[in-house]
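Letters A, B, C, D and E name the chains as they come in the text, with residue numbers starting at 1 for each one.
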Amino acid sequence: AEPIRIGTFLSVTGPASFLGDPELKTLQMYIENINAKGGVDGRPVELVHYDTGGNAKEAVNFAKRLIQKDKVDVIVGGSTSGSSLSVMPLVERAKIPFISLAGSIKIIDPVQKWTFKTPHTDRMAAQKIYEDMQKRGITKVALISGNGGFGKSGRAQSLAMAPNYDIEIVADEQYGAKDTDMTAQLTKIRDTDAQAILNFGFGSGPAIVTKNVRQLGITLPLYQSHGVASKKFIELAGDAAEGVRLPAAALLVAEKLPQSDPQRPVLLGYKNLYEGKYGDVSTFGGHAYDGLMIALEAIDRADSTDKAKVRDEIEKTTNFPGTGGVFTMSPTDHLGLGLDAFQMLEIKNGDWTIVN
Amino acid sequence: MALLEVQDLTISFGGVTAIADLHFEVPESQVYAVIGPNGAGKTTLFNMLSGIYRPNEGSIRFQGQEIVGRRPHQVARMGISRTFQNLQMFFNMSVLDNVKVGCHLRTHSRLWSAALRLPNIRREERQAEEWAREALVFCGLEAYIDQPADALSYGVLKRVEIARALAARPRLLLMDEPAAGLNDTETVEMRELIRRISQTGVSVLLVEHNMGLVMQVSDRILVIDYGSRLAEGLPQEIQNNPKVIEAYLGGEVQYAV
Amino acid sequence: MPSEALLQVTELTAHYGPIQALHGISLEVKPGELVAMVGANGAGKTTLLHTLSNVHKASGGSVIFDGQEITRTAPHKIVQAGICHIPEGRQVFAPLSVEDNLLLGSFTRRKEKAWVAEELERIYQLFPILQEKRRQAAGTLSGGQQQMLAMGRALLGRPKLLLLDEPSMGLAPLLVAEIFRVVRELNEQGVTILLVEQNAKAALGIADRGYVLETGRVVLSAAADELLADEAVQKAYLGH
Amino acid sequence: MFDQILQFLLTGITVGSTYALVGLGFAIIYNASDVVNFSQGEFVMIGAMSAVALSAGDSGLPLWAAALGAVLITTLVGMALQRFAIAPARGASVVTTIIITIGASIFLRGVALLVWGKDLFALPPFSGDAPIQVGNATVLPQSLWVMGGAAVLVFGAQHFFTHTTLGKAILACSCNKTAAHLVGINVSIMLLVAYGLSAALGAMAGILVAPITFASYDTGVMLGLKGFSAAILGGMGNPMGAVAGGLLLGLIESLSAGLISSGYKDAIGFIILLLVLFFRPSGLFGKASVERV
Amino acid sequence: MKRLSGLFLLAVAIVVLPIIFPDNYFVTVVGVSAGLHAILAVSLNLLMGYAGQISLGHAAFFGIGAYSSAILTTRYGWNPWPSLLVGLAFTGTLAYIVARPILKLKGHYLAMATLGLGIIVHIFIVQLGWLTGGPDGLGGIPTLSLFGWTVDSDERWYMVIGGLLLLVVWLALNIIDSRSGRALRALHGSEVAAEMMGINTAATKTGVFVLAALIAALAGSVFAHQQAFVSPDSFSFAFSIELVTMVVLGGMASTYGAVLGAIILTFLPELLVVFEDYEVMIFGAILMGMMIFLPQGLFVGLLELLRKLIRRSRPANLSTPQKEDPHGAA
């Protein structure tokens, strides 16, 4: 039978490779599995993928290549917000369903007809963190963020959401993606009256921030974003990571979820498969899983790869248990996750624990 | 009024004075030679005359106008052109193009009109090429016109530099050791060339160690030693000046004048 | 026959890209000889010396030095074997000090510390200006001073065979005489010399034999005084 | 306030020493061949990553042995680069050679990607990570290692170029290859030595800083850039200059992050670099060109 | 006319390609990128190849052009054409201001200063989020239209950019073959001698720097409209270095070389994607390999190879070919 063609463009190399790499691995692994089981509707699934190296300009060309040359049915991809946003006009014009794997809320707000996404938004992360802070009675927060797309966008959302939680941002510092020392910024933060530090970033930055916080003898609670949601962070930051809190998908704590949790089997299934093949999971690969499955289920329900039908079916996704949460999309919500999709985690004894 | 008047010229490099209180005058339409031992400051003098170095003190007037403080391209615009002791060829160009650059001041098109290739450009190009060929022929370099500059031997390059300088139609030509690397027969040709240049009304300021050439071609000679003036006068006088003989010439040879 | 020559060049050819600059040069220099080489601009004198030192690759023919084939020997080995070359255009190490330039001349003899020190002293006596400026960057020297430096640098290599490319260029008359005296003296001390000079009269004046080069070919070779007397040579190179 | 400034200074010196160490590597190849080696950052990365790889796991070597091995591996890589990529490009101009080093840096990064993957790795600090108190400011012991390493290596490099014949012979190669041949210098060996040396220096830099900065296949790019900036700021080819430039750059960054704006600190660094160059066109300690006409 | 025969060939190639391969991704999409890159490379080559002034910050001007158009059209609702002109004016002014102090520098110092300039511009683009959209970029840029003809398909963009490339190549060729072009090459060869021939080297350098910046800004503006989206990573220092690589790879001081280098470096990654994780390594190896074996650049190198082949296949008694002037290859 005619194969179902899934197209993707990811930042497999470059500064955002920590996103693109597990995403690609996940897509490849699952498509192989699905084909081994006879495909979808008896049709094999084929993956066409390109590496953007994290460059939005490449993303546009590769999206065109997927649409015009490879004639894919659905696009599941775009590791970074920049690359996702850059292809959206194209996708809307070409009328092809596109499930983005990037964090920014701008991708689905305002809603565009053909664009969906699976990762939690950075706004949700900020909200989740502020909720937790509120519970602890924290009202003054020092913000520090990486100056890449992820950090910048997280910073913007953190600044925007703070008033809703009666939180005052008393410091707003930044660092470069490859900076090797943040003690200057943190020294400044130390001398404010902040009650907690919030860091939005990914890669080596958050680990260095965590270490520097301890080096400077700062004892304030330290919050990180979901950008560090992988074991690697704990490994790099070492002892300094003790007590760090962050919002993250339940994937990291799958075993610790109650048996009744609808996500539990999905999470354990994904985790075991991934770790069996590649090593530690991150939540990012999970987003690719969610995107792929939502797309394939929609195709299955539509019984065709007709793009308009598939799009409609994606929009009708209801109670789909993914790694990021349980998705219920609608014409006004192309993400379909609530704040409850995030768990607040704390690092204790070098492992994740759920905060309640 | 002399063509070039140099007064109280002084320059030093990190405490070492290379030219000290030098003064001299070059009359119109003459071949005026500057000689002196190695390191006397001749090339340094040329570099000041052409605006490359700025003297610490003193003044240089060319046709009554002050040179000190001007940049080399402004000096060139006043009508001074030169050759270099350490070759300064445009090795990335052909011989013809090298000499065409010499016509820079005689042509006037701007970047923008060139980019659009307005009709005057073609005319100007043809004109520049003609002038450049003329200069090359004048220097006896017909054979090398289309060669790339980096394929030429040292002696030929020295002459291409002269052609390039002449293509600028200077009032005053500074030549720094034009005969270095030429054999005696070629030096005779160089002598003729300098004479022909001077006959076209161009004044020549000549630095040269080949005394045969200097004595035969110069109208007047300035001798400097350790940056200071040692003597000045007609070739005959210079040749017989005991101070000059001791410092520079050595005793044995008599040069035809 | 070849065994007695210190330098034996046979049918040497060299190219610049597609252009042939040497068309089969054959010559020899016997131990202790002072051989002059004259020719017009562009005759190929510099190319010949460069090819002998193998900083320009020969395209054919052979060079035998002291019984050893050196046509394709690496340049630094040629220096080690005892050929020093004063290149055209001086080629000093501009940013290095005068003294460092001289000491690098003794690079292949750097172990012979005492000899180097002695020789350095001798060169400073020969060219006092170099001693005066020994800490100055070589690139700031005047043209003639650089020429002296190039000469001194080559002498510190303690050559068996010295290749000189227009050593008198840019020197004041007094020094020209001095240079020729030095060359003569070196030769008397046993250094074999191949001298390329535009000052043909002076060169042939001190040489034992001479070669005349024209467009990459040897067109004449004879005893120096014969060449000086040769009418064609006089006309072409001596300015008569 | 004083405490803050003290911390900024300490931070600046720490970061600056890192830049200085990387910058030092640039100086050596530059001195031998006028070429800015764009793969210098990759040498740093290879040094760090091989040390991580050699010391990793239960069967890993002790740190000192891993470090030694890493320096050795990187030196070989540097020499191989010279031998197989730079040397064969006969008649290549300086610019072409620089492009070859850009190609090499991409290539080496690609190889590192295949060998070590995309993860970040940490090397354990040489002597623990209990912060050392300096007044009210702190430094990590590893920072002291970096500073000490920079000091030792710079004096070594300085001595090498000003007091040893080999060092001067290397300088001679870059200012005039023909003349270097003619005084009997084996130019190709000198270049090989230079690439090997600068690779070794790069590796040492990488190993010293890896416990602070972490290492991954692409850490070389940024460090290379900063090292190049340091070398230029101080005056290309001058080891002391590289260190001065590195320290200055580090201090500017940390002071501007602390006192002006952390978002613009890199911009401020480059603006000051530009201003310095406008007033001193050959860097703080660089010598002006000595070519005369 | 012999002088422009290469331009004519290029024009034919641009016109014929889409006819032979209609609706082909590699022609209309990659071709458009290659065209833009070629425009940038040709402009950089004027500065670098001919005038010998290296610039590792060319992407900055490309970026300023792109962002000027993007910001004015999206945030302020301007028409694209006046936006383009304002972008050019702004870029030109900036280039003019920085040119003098920067171009006093030489060699690696100049490289560093231009690199720094590029990075500073990049940082500002990233940091001025309220204006530029920050790292996420700025979308919704309208397309260009002229007299009712709207550039709304890849084919049309191909035509526009192809035309623009021909124009820029023509301008570059004209400049090189003129008094001003010789002045550029002269100051590359010897700055003192150029000055001494009456060339105001500072002004000449400034002129070519501004010209190159303007062409880059023009390309940037077109790029913004073509992509409908701009983000900072298209203008990073890595891209500047890529542009330099294109120029050197094609062959310095050769306009067609710059075009060739741009085309090759644009297509190469598109072809190498099949190697996945090996792509980076293979790309690096190919880049090194090309430069090792053809150090004078692909254009000159390949031309020479071709000539050798022809010579070999020709009977020996025919005239030996004249040595070509390697620098004349415009």
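Here is the rule we go by: a contact is a pair of C-beta atoms (placed from the backbone, for glycine too) under 8 Å apart; a residue touches a chain by one contact, two chains touch by 3 or more.
Protein identities per chain, from UniProt: B = ABC transporter domain-containing protein; C = High-affinity branched-chain amino acid transport ATP-binding protein; D = ABC transporter permease; E = Branched-chain amino acid ABC transporter permease.
For clarity, every value in this text was computed on a predicted model and none was experimentally measured.
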- Query: In the chain contact graph, what is the shortest path length, in steps, from subunit A to subunit D?
  - Reply: 1
- Name whichever of D-E and B-C has more C-beta pairs touching across its two chains. D-E
- Query: What is the distance in Å between the mean C-alpha positions of subunit B and subunit C?
  - Reply: 29
- Query: Hey, how far is the Cα centre of subunit D from the one of subunit E, in Å?
  - Reply: 31
- Query: When the C-alpha atoms of subunit A and subunit E are each averaged to a single point, how far apart are the two points in Å?
  - Reply: 37
- Whole-Å gap between the CA centroids of subunit B and subunit E: 41
- Task: Would you give the residues of subunit D that are in contact with at least 2 other chains, written as numbers and ranges?
- Result: 113, 263, 266, 291-293
- For subunit C, residue numbers touching 2 or more other chains are 19, 140
- Two or more other chains in contact with one residue: find those residues in subunit B. 43, 52, 84-86, 88, 151
- Task: Going by the contact rule at the top, pick out the subunit B residues touching subunit D in the complex.
- Result: 43, 47, 52, 84-86, 88
- Any idea which subunit E residues touch subunit B in the complex? 171, 174-175, 177-183, 185-186, 188-190, 192-201, 207-208, 211, 253, 323, 325-328
- So in the complex, which bits of subunit E are touching subunit D? 54, 101-102, 104-106, 108-109, 111-113, 115-117, 119-120, 123-124, 127, 192, 237, 241, 244-245, 248-249, 252, 277-289, 291-293, 295-297
- Which residues, counting only subunit A, touch subunit D once they are in their complex? 13-15, 17-18, 21, 147, 173-178, 180-181, 183-185, 187-188, 191, 203-204, 207-208, 211, 214-217, 232, 235-236, 238
- subunit B residues within the subunit E interface of the complex: 50-52, 71-73, 76-77, 81-82, 84, 88-94, 97, 100-105, 107-111, 114-117, 121, 124-125, 128, 146-149, 151, 164-165, 168
